[in-house]
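What follows is subunit A paired twice: with subunit B in the first complex and subunit C in the second.
Up next, the complex of A and B:
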């Protein structure tokens, strides 16, 4: 049987630090580990503060589809440590996943998603994961981890083009079908919107971006003039 | 040695919902603003969820728990239908919600939920719950961030409570919808978390669910 990356199980380290007699770990499969020891171990090994972080992701829908932007910096606190990290990840022909926040948890999510895509591919029946499916699954994953009090400290932004048949008068305000953009935060709260900005950009950039996209204006790259006057004030962007 | 919470498993999204039961109808309304602290995340996020048995679930509070509760309920409603060969009635669904929410008594679903629908006699019914599933059948319900602003107005307008003219005021479906829109327009002037639009759904036996969207202030 193919061993699959099971993303809902915690990856516990192999050192049993409650074991005062240093018994070899392989004997654990024959013993019953009491619940208290497991919970205590989780308290010692779960992360509640992010270590290496990615900053903002900006995403919005336009006439032809969805556009995402994210800088390539991985910050280690206030040190600009990793300068060329791609935080936007293509899942399949229809879906893109962008992550912001703790980057090790982001890698975990990417691995889990790639494993799902692999399972889809080996079925060879043409079935592909749609953006809505990925968004719903990510919501469940984040919520599950927060319920175990061992959160994935990232925001996942799912974007892509949905199948036409799905949007039959569902969303009462968004009249343009097919474009999908949604966000899930570290506690499992997910929402869909035409404009999503995570991180510090949410407080700084939002008004400027909404002016361009509020009416679903056609996107023309030549006419957009980026304003870099805020760049020296922002610490986490490259 | 007291440790502060670094990460807290709950958060609070805004959203205000109102439900009013009538003799043969139910009117429910929700604003469409979703906030995170003082930023607006979405202007088109409604807190009303349509359930498969033709009842409407109103849920505000922590969005993660709202979505999970809705999903779990969807599954259980379908199971009921397959087992009993008929859709679950709204009073039975209310009982189910109560038991489900108490099941998480020691890590609650942080939501104020209301389930509304038509009971087996065709009369409108509204059931309100607290975060651990305490259920009450009510004539009207209001929950969410602007609840303290709206609930007293509903008390005064629907039951004439604490006014110089006590006594229930019977309204038609259209009059109830108008009253609710007026109430939301008044409340959104005084609340930062209320605004953008109010979605009003009317549930009747003949016409099913009719939806009306009324825009509100965007600031």
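Up next, the complex of A and C:
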């Protein structure tokens, strides 16, 4: 009970005061397994489920560069709560970041990226955040949170035009080759591809026939019917 | 000018009988021995000009810069021990980053100056550390106009319209007082600052020097940066030309 507050002992009875009625000398107080105690007290110390979410992001490379698309909805479960949220974020002249999933974690990622880019820019040593650099850095960030068992429940798509130095060794370097598109998920696993869709769209909207040419991605199957029977089974699919 | 501490100057935690902390005064001597820095706050911005003394032809030009960015909008110029200044630069950058993280807006340069002053002052209180041997100048162009602050090794900070620090600070100060700063535009202030540096530079004692120029003001939307190459060249030409005029005047006499 808070009337018996003792600053030298851990205060366990924020919600549960049954300890105050315990006459016997209980050694439970001194041996606590943190996760258990948290669950007992209904306190969560890490993100478990996403709350306000953004849906899919679709992106692919074409012969002019890279194109991204995302809707501007922030859903609170099944409620269409926030109708004008921008999920595509320009990092600098050559890099774009799009996020899907939990939107508070998405804001955290955007702020972390902006802060990093600003701190790097003021060094004035010529270093800049190219798409590959951002992709690698985001992987580090997401994987780090994953190892602490406190993941950022979003996926990040990084797109843009990479520097020519990245393509050393290739004979033909031009605007086409410099396109970059990659995705990092909440586990810190990243991959680079010509066509990337995150979220529920990944399971429902990937066309079965796609041809990849030098110009980019060409959708061949125009009349493919998506299989909606999967929809009820898919949730938290970042 | 040079007074002997005679036993009361061994650590910053000692006062002398006449109430001076000698270690802090010695830190100021380190500042006075460095290349001159001139800062001018004019009508629509602030200009920095630094006489960066180069001791050997073997050094790559552009090394050991003395003008830095703290945040996008704040510039820092240093006089004194460069290594000490580098640590203060890190402290200032962290302070600005934390402020932006906490409050969402860039730190006003007045607050940054106060916090940096508090930090520098802390090092003048104890016997196991020494004071910072550098004078830090901070400049920004904010919503209420251009701002220029200077922090001394003792931890005292003032706002300035114009200031010169370093070897030739007395001569440079006289030159600054001749200018009408409140009517100057930033492009002209840059030229005047460069001119003052060239005028006070001592050809005999320090042969080679590099001029560093930077500005922040309405022209570049409050983003502090080194002066663009064409403006730099114009300023240098103007400075050298005025030197020659002065020489001609001397010859005529």
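In the analysis below, the second predicted complex is superposed on the first by the 155 of 238 C-alpha atoms of A that agree within 3 Å, B and C clash if a C-alpha of one lies under 4 Å from a C-alpha of the other, contacts with A are read in each partner's own complex, and residues count from 1 in each chain.
Keep in mind that, in the parts below, contacts are C-beta pairs under 8 Å (C-beta built on N, C-alpha and C of every residue); 3 or more make two chains touch, one makes a residue touch a chain.
From a predicted model like this one, the values you see are computed outputs, not experimental measurements.
With both structures placed on the common chain, the touch criterion links A:115 to subunit C but leaves subunit B unconnected. In the superposed pair of complexes, A:151 makes contact with subunit B only, with no contact to subunit C.
Within the superposed three-chain model, A:63 lies out of touch with both subunit B and subunit C [touch as defined at top].
Comparing subunit C and subunit B on the residues of subunit A they touch gives the larger count to B. Of the two partner chains placed around the shared chain by superposition, subunit C is the only one that A:124 touches, whereas subunit B remains out of contact. Residues 111, 115, 118-119, 121-124 of subunit A are the ones touching subunit C in the complex. Residues 6-7, 9-11, 13, 32, 34, 39, 41-46, 62-64, 67-68, 71, 107, 197, 199, 211, 213 of subunit B touch subunit A in their complex.
Within the complex, the subunit A residues that touch subunit B are 48-49, 139-140, 142-143, 146-147, 149, 151, 153, 171-174, 183, 187-193, 196, 202-203, 206. If you check the complex, the residues on subunit C that touch subunit A are 65, 68-72, 93, 97, 100-101, 226.
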